[in-house]
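First chain A sits with chain B, and in the next complex the same chain sits with chain C.
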Partner chain A sequence: MSTLETFAQSGDLLDKPEVLTIPPSFRGTRNKIIVSFIHMVLGIVFLLPMVWVVDAAFSAHASGSLTRPSFTLVNFRAAMSLGAGRAIENSLYLAIVSTVVATFVSVLAAYALSRRRVPLKGSFLVATLMLSGLPITLLLIPIYFLYVRLGWLNSPFYTSLALAASSVPFTIWLLKNFFDQVPKELEEAAAIEGAGGVRILWRVVVPLATPGILVASIITFINSWGSFLLPLVLDANPSNTPAAIGIYSNIVANSQVSYGPLAAYAILFSLPVMLLYLLSTRWLHGGFSFAGGVKG
Partner chain B sequence: MTVVEKLAEEAEPKTRRRADRERFRPSTLLWLTPATAILAGLFLVPIGYAIYLGFTNLQLLGPHAQSYNFTGLSNFDRMVHDAQFWSSVRLTLIFVIASGIIAQTFFGMALALLAQRAFAAIRMSVGAIVIMAWVLPEIACAFLWYSFSQSGGLLSHLIGRPGDDLLSTAPFLIVCLANVWRGTAFSMLILSAGLRAVPAEVDEAAQLEGASYLRRLFRVTLPIIRPTILVNMLLITIGTIGDFTLIYAMTQGGPGTSTSILPVFMYIEAFTYNALGYGTAIALALMVIGFLISVVYIHQLRPELRRGQ
Partner chain C sequence: MANLVLEGVTKVFKGKDAAAVHDLDLEIEDGEFIVVVGPSGCGKSTTLRMIAGFETPSKGVIRFGGKIMNNVPPKDRNIAMVFQNYALFPHMTVQKNLSFGPRVRREGKSTIKREIERIVDVLGIGELMDRKPGELSGGERQRVALGRALLRQPDVFLLDEPLSNLDAALRVQMRMEIKRIHEQFPVTMLYVTHDQVEAMTMADRIALMSGGRLQQVDAPERIYDHPANSFVASFIGTPKINFFSGSIVNEGGAAHVRFLGGTYVLDDEYQKGVDLLNGADVSVGVRPENIRIVRAGGGRLPTIGCTVELVEPLGPETHVLVRSGEDLFICKVPARSKLSIGESVEVEFEPSAMKLFHPESGRCMEAEGSDSPIMSVVDA
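Let's look at the complex of A and B:
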């Protein structure tokens, strides 16, 4: 408020009535056109790289610059022969396993943190918050060393476990805040009817919190799908290579990059997460209304 | 309640439980076990390991791969005298501050402010484009910008020097641009939310007093959303300081070491030159830098935090 008060007291604002003499509608429209134009130019600058990738993927003579697209699918076939199919399957495995593990573990923990009395709850929550801000890159070498010791290298399952772990702190936070909004009365009613803890969670809370759980799992899925460094270090087996590393090794493999097939590869790899993102925003805007379940 | 009663209650918490408060049930621990196991196994143990390994001569291959031993501060001694380390620190700071904090906040703010007053159709399509750049997997972004800046690439054409391989002539600038392109959406989303929370009456009041748009922006709107801007900068810092994929996929830290920010330097030392102990020491240094930057923000945010209490 102090800023506003000083602002209001600065008297030189009072003697500038000419603002009111200009018809506001005219000013408004002219400004709106200028603003929209600048906004559009910025948008086009942001769009250019994406125009290039779509153009290159559908062009038979793709280069680093724009070419006339020939609407051919030849690049997509070439991408499959670079191993895109197998690599995307591997990405899918890593993403699904890590999402299932991270979501399951986080739902249990977040529910307990939201509802139960937990000793040292505050410290636990602060610790998860701090861990969710810790870049996993920094722990790469100790995690690698741990995996060497445990014999967990070159295993897609254990790689997924590391990916899941990197999401867990954030999903616990997200879900805990979400569960806090689910009204307790429904659970109390179920408890009076004799339902146990697991049953209440599974039959009452999870169905009510489905949008939040979906959002948490989509975030984990998108992170794991795009992950590069952990699989690069933890799994050297070429047949386990996910698509992120597949694209990378195709960039560095040849001195002459095959733009068309790689652009197609990148599109095949990016489309699923873009669709998932769109779905998740729809769920987020879908409104989390718990009001209907409780009277008064 | 008398003092004696209070003391009695503190002394005997088990016998004087309040019936309306949730009691601790041992079964709760079962619910927390899986998460605790994962967090302990893949965060706490590695953090402890990192602190230990940073003081050893562990190697990936070679004589010290199996029988490494404690070497005290020798990794840190080597680090302080390593010119490459200091050049990496400088690159990391430029990368985080210029292409992260400054550029992403500036463009995010510009897009958020323009979106407030642009036509709805343009606002929505530009928003979608910028968000798409953000949702795109990092490796795809790296590939796009890599192809874009090769000789004969679109960017080289646009700046009128189609023969230039921009990743050789201006590699650090290109990776910074790619990072701005990718990260701006996040700031845009956070700052738009901040701007929406500013009450319209405040701006209208200043408008009636005849304040110009820029004056209202700098004297009214921006001071009101200062906490949002600071939090946004903190989140950008956290997100950028550990960034590896974008730069490594585009340049592998090169040409030479011209784009080798600390995470890339760490990776190369550890997995190309086999010096796992030294790599860990670099990771610890990076952690300290991140911590120091966070302390600056939290210090800046203190007035707001105090007011919130």
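Let's look at the complex of A and C:
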């Protein structure tokens, strides 16, 4: 007799429901296997191009497919001779200046929006959020003509201002939400101690919103680092070319693609951002809390 | 050090119909410890915030030492404040929290050091200096907040429910510490709380608020013994005062009050009272400690028969909830009285402790210079 029949006969069916169903632990395991398999496939799909880049960069015979693993720095030397060093310097300049400007402007704007009575604040915030989704291509031509009028073309500094401006709507929105979470009593306590607006912002609010400010800065930096269209349109001077354009113009624009130098250039181009990522995970690891400052 | 005057202060918040604070007149003497007490939403915190400068009065004037302060920002008012939530800067150590204000005010390094040492001594927070607020207990944080406020050497010291986040034992301890601090640093202190025990134990005077309006300002004993209205009478005192419906009757040409506890002749002062019309309803208030459980027929006062509904032994005394018909009320008996639920007892009321309140407005009917409305007792 099967187990089922035994129970059916004994009338114990209703007493032992677990025999009739799949135990939860087993069901969970099956799902976990399926999910893990999907993760693996997706992981391979995304990692494969990166594996290729590393392989091609260090390989003497780089091509569009994976080669036998080898090690040479020939491609890096080629990339440097094509101006990768100078281009990365230009990218660093654009990214750093635009990040500093955007962060400074956004902190002030976000603080005002968070704490002060601003006319039409609600509409302004909604507009800010919508503008942050605006594709830069829509603004390219108007910005170009504006820069022509102002005489700001072919200048890394003014180009980085345009890059900053393109990030500011999003960073204002982001920072405003961080500032909203800083308890108002802390600022009131500082005011009672005699601190004025700027000191309260600098000594009380900014230290507590540092993780948010870091996030905003990192996002701006990465956006500016990879920015292609704005620098292309606003700065025609070849010695000002950032790396994003450099990769394109030096290697890809030729009829024949030099995979080795291309991959090496790409790795050099990624290094600052990877470093930033590693540093930021360390800075942001502690999270932020107002523990002890304000109850609850 | 300065006196603090509020004249006709009103605050209406945008979008709200009712005023959070309505026409508040309050004069606080230099060095006085005044407690503003009332239920949640009575306007006490709003009043405090207007004095601090975080809210602007819609109407009326606030003066410190005669100077109008309405449009002076908080940082220029020379006040100190202890917040309900401590408001310590979480990213700074205790040392930095304490020295924040003096550094902002550009006090000399040696002055700051000396002042901090003195405060640390008074409050016993020396061992906490290198810790951050997150590493401190509630009581420690409160002491640091007090220390920061004391360093301010303010004209007015504001405390916004500073003990409400502490446990009961700590609250008692901190109450005494704050009182002790006030004795050592006799600065004008305005203390806001919803706890009437804190008010009774700490205040030189109590300002009781309800619904945005000031109900009574007086010394604790006077508020207890001579409440201005039924709200004040029931807010102050634990357990709450008992209210009975009664009426005024004219017998033998004299006005009497008749209620559950018996019939009593009213004092001469009250005989002339316009309010006291024959048949008019009154509310009679008697505090639990003025209702006694006695042996039947024992004394000259009338007694009524009641049933014991609930007995609450508290240690030093026992509270007993008794019922007589529809009326339920509380009386206090000595600690070791042996009473059981359902037991029948005789209860007598102390005439000199009775208060008469207008049944609608709640106003206490008390004549000038008279301690009690009751003159003598008449057998029921």
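What we mean here is this: the second predicted complex is superposed on the first by the 245 of 296 C-alpha atoms of A that agree within 3 Å, B and C clash if a C-alpha of one lies under 4 Å from a C-alpha of the other, contacts with A are read in each partner's own complex, and residues count from 1 in each chain.
In the analysis below, a contact is a pair of C-beta atoms (placed from the backbone, for glycine too) under 8 Å apart; a residue touches a chain by one contact, two chains touch by 3 or more.
In this text, all values refer to a predicted model and were calculated from it rather than measured experimentally.
Chain A has more of its residues touched by B than by the other of chain B and chain C. Of the two partner chains placed around the shared chain by superposition, chain B is the only one that A:Ser63 touches, whereas chain C remains out of contact.
By the touch criterion defined above, A:Leu120 reaches neither chain B nor chain C.
Of the two partner chains, chain C is the only one touched by A:Pro183; chain B is not. When the two complexes are overlaid on their common chain A, residue A:Leu262 makes contact with chain B while staying clear of chain C.
Chain B makes touch with chain A in their complex at residues 21-25, 27-28, 31-32, 34-36, 38-39, 41-43, 45-47, 49-50, 53, 58, 107, 110-111, 114-115, 117-119, 122-123, 125-126, 129-133, 135-154, 156-157, 162, 181, 184, 202, 205-207, 209-211, 219-220, 223-224, 238-239, 241-245, 248-249, 252, 263, 266-267, 270-271, 276, 279-280, 283, 286-287, 290, 294.
Residues 3-4, 7-8, 13-14, 16-17, 19, 31-32, 35-36, 38-40, 42-43, 46-50, 52-53, 56, 63-66, 101, 104-106, 108-109, 111-113, 115-119, 124, 127-128, 131, 133-146, 161-162, 164-166, 168-169, 172, 197, 222, 225-226, 228-229, 233, 244, 247-248, 251-252, 257, 259, 262-263, 266, 269-270, 273-274, 277 of chain A are the ones that touch chain B when the two sit in their complex.
Of all residues in chain A, only 183, 185-186, 188-196, 199, 203-204, 207-208, 289-296 touch chain C in the complex they form.
Chain C meets chain A in the complex at residues 52, 54, 73-76, 79-81, 83-91, 100-101, 104-105, 132-136, 138, 141, 148, 152, 165.
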